[in-house]
Amino acid sequence: MTRPADDLTAHCAEALVRLRESTPLVQCLTNGVVTNFTANVLLALGATPAMVDIPQEAGPFAKAASGVLVNLGTPHAEQRTAMAEAAEAAAGSGTPWVLDPVAVGSLPVRTALARDLLAFAPSVVRGNASEIIAVAGNGSGGRGVDATDGVEAAASAATALARSTGGVVAVSGPVDLLTDGRRTVRVANGDVLLTRVTGGGCALGAVMAAFASLVAANGDRLAATAAAVTVYTVAAEVAAARAAGPGSFAAAFLDALADLDEAQLTERASVSWA
Amino acid sequence: MTRPADDLTAHCAEALVRLRESTPLVQCLTNGVVTNFTANVLLALGATPAMVDIPQEAGPFAKAASGVLVNLGTPHAEQRTAMAEAAEAAAGSGTPWVLDPVAVGSLPVRTALARDLLAFAPSVVRGNASEIIAVAGNGSGGRGVDATDGVEAAASAATALARSTGGVVAVSGPVDLLTDGRRTVRVANGDVLLTRVTGGGCALGAVMAAFASLVAANGDRLAATAAAVTVYTVAAEVAAARAAGPGSFAAAFLDALADLDEAQLTERASVSWA
Amino acid sequence: MTRPADDLTAHCAEALVRLRESTPLVQCLTNGVVTNFTANVLLALGATPAMVDIPQEAGPFAKAASGVLVNLGTPHAEQRTAMAEAAEAAAGSGTPWVLDPVAVGSLPVRTALARDLLAFAPSVVRGNASEIIAVAGNGSGGRGVDATDGVEAAASAATALARSTGGVVAVSGPVDLLTDGRRTVRVANGDVLLTRVTGGGCALGAVMAAFASLVAANGDRLAATAAAVTVYTVAAEVAAARAAGPGSFAAAFLDALADLDEAQLTERASVSWA
């Protein structure tokens, strides 16, 4: 990223162009409900998805991938083993990886798994407010995929978690809050229809892994994550304007992601340091 | 439900309003083919899906959920354990649960599983005619998800099964037949395009779990199940009128479910005691 | 097929009509990312999908099915056992079966599995150039689902593989190349949007299994496979003309498959012996 990221809008537009030029290979170990939508989101964006999530393959693949997503939505036993393998390999080889701790807090298996995975220092942790508070160690995680806590209530937990992992923490909500433990970005784009399509949040984790691959570990991963969120939520706005409901929205969202250009992104982006 | 359910059309409209007000949390242990569509159907309807289907999590979650769906379409070993755990927890804690015995009869693993699960007294058993006949103990279950028997041929099996479980049995077909072993409801709504989209039947099981959560175990679960079928199949009719084929139908169906109101439902509903 | 298959276009049109009349039952043991899209493609085409992929059920079902697809995209341990069971049962009972060796070459688990499955003589092996070269024994398989080799570079590997299995080998790309080891067919239909939808290639494997069921083992399986590819890629062209991007394309593709008739197919087909 040659431009200083203090102009976040310009940075987002530039990152989108770079992402499409580099067609990053994003490995997804994610829940069975959203694999299809997640792969289609990555393809629409210009990245290449690969759902390699079995033991003995997940680790070697993570070393070669551009980025990795680990999403705990339906963590079957074999996938849990593969997730640990992939996270360890990613951490060891410098591949950026994103942890999405779906419904962590009240559910015992995934909560223990999330704790173990944190040891591999995820480049980004992404969740709703309840999940971030639970991962940071002081909440119950809400009910399933619903957040029962507000974004701002999770701000201090997000900061503490980011300092602990050394990475970025992203809290999704009407206004998304992102932090690297020192700085904070807010993104005010998006549409409520994104919450009426399953995987609306989960697929964003894969997009974050794609954008994280554009910068080195010592680069500005917070700015890269802000680009992921802004691109994604601006596309949602464009799609919502064309949709008659959640079904037509999902298709329009993929169309909008594929079609999004720098001008459209710049015009609509509402992303700022704050 | 304050209105008497003898006016079934009015009851359906009222149940739809109540469902959206209560946003029930519906746990789905379902087949891998339809998880995405099922979650999107629940979201479009106004419910909250949660696909918690691993051992040690499925049971505790079922106690807290509003309703549970157990669908036997792709019953891998780990999911089978989770299904038994969820059904037992639901039965023990009064959470209504729906059993969809996909392709039971000729396939040995799921047929044995269905038999075991019946011991936990499902609030609703939902299937096509061949499946209901097979579960009731006197048929081969057809070929995969296709019914080779007609709905009316399954009427006596459905009645016997309902008396045995103490719950509702729903037989899907051009005219759906529902019974609690004493009374019978028929719903004549729907469109053949629902059979051209995978999960068209499976997602209805999740919708039944959502509507079942509106009434106590000693309430009128047959009327609640009739509301689920009527809402679902009326939305299918609305969508079919807008669709150019099965692909556009699937999106239009989600839009129609989200958009369906009391007036539209009342105008089109063809549901009756019979 | 009463017409000689030397007029391939006429053959394709005739095969489409026959397929819809016979509504073949296609068993799919496929990856979790594309099960939904694959089932919807089969339904749109006029076939019946059944995703029976667990041990003890996969084998018996393969004996009764019209055709079987084995796709190695996400080969979890239990599914691997079921795949071997299904391939053996298909081979033993004369059910045609298709092997799609997704990402075989660099990934160890699926590469070993593909080698084992080849012993059951797949009726069709379908892949991109890198995968076919890898299965034939002399390549690395590219990166995930992307082909890094061109179709024509895989021609000699495809011929050698077809001679080894005694079946058909299909190499996908801008122009698809199909061979039975003696003869070659090329299909120049399709649209780049098919590569922007996950499962665009995987679902074609299921369609090949459906068309293979129309001819006996000693019949012209190469012509049947050519019909599968031509029907599928012509429908993609029709859909692309109506789509605004990959999201609307996926829905339009299912609509086009359901709507495709002989005249439309004959007008657009670009299939030839070569």
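First chain written, first letter: the chains are A, B and C, and each begins at residue 1.
The definition used in the following text is that contacts are C-beta pairs under 8 Å (C-beta built on N, C-alpha and C of every residue); 3 or more make two chains touch, one makes a residue touch a chain.
Keep in mind the model is a prediction, meaning the values are calculated, not measured.
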Rotation, 0 to 180 degrees and nearest 5, that superposes chain A on copy chain B via CA atoms: 120
Same or different residue numbers at the chain A/chain C copy interface, by half rule: different
CA centroid of chain A to CA centroid of chain C, Å: 34
Junction residues of chain C, two or more chains touched: 32, 36, 250-251
Chain C-facing residues of chain B, complex: 31-34, 36-37, 73-77, 103, 106-110, 143-146, 195-199, 243-248, 250-251
Touch list for chain B against partner chain A, complex: 25, 32, 35-36, 39-40, 43-44, 48-57, 60-61, 64, 76, 78, 250-259
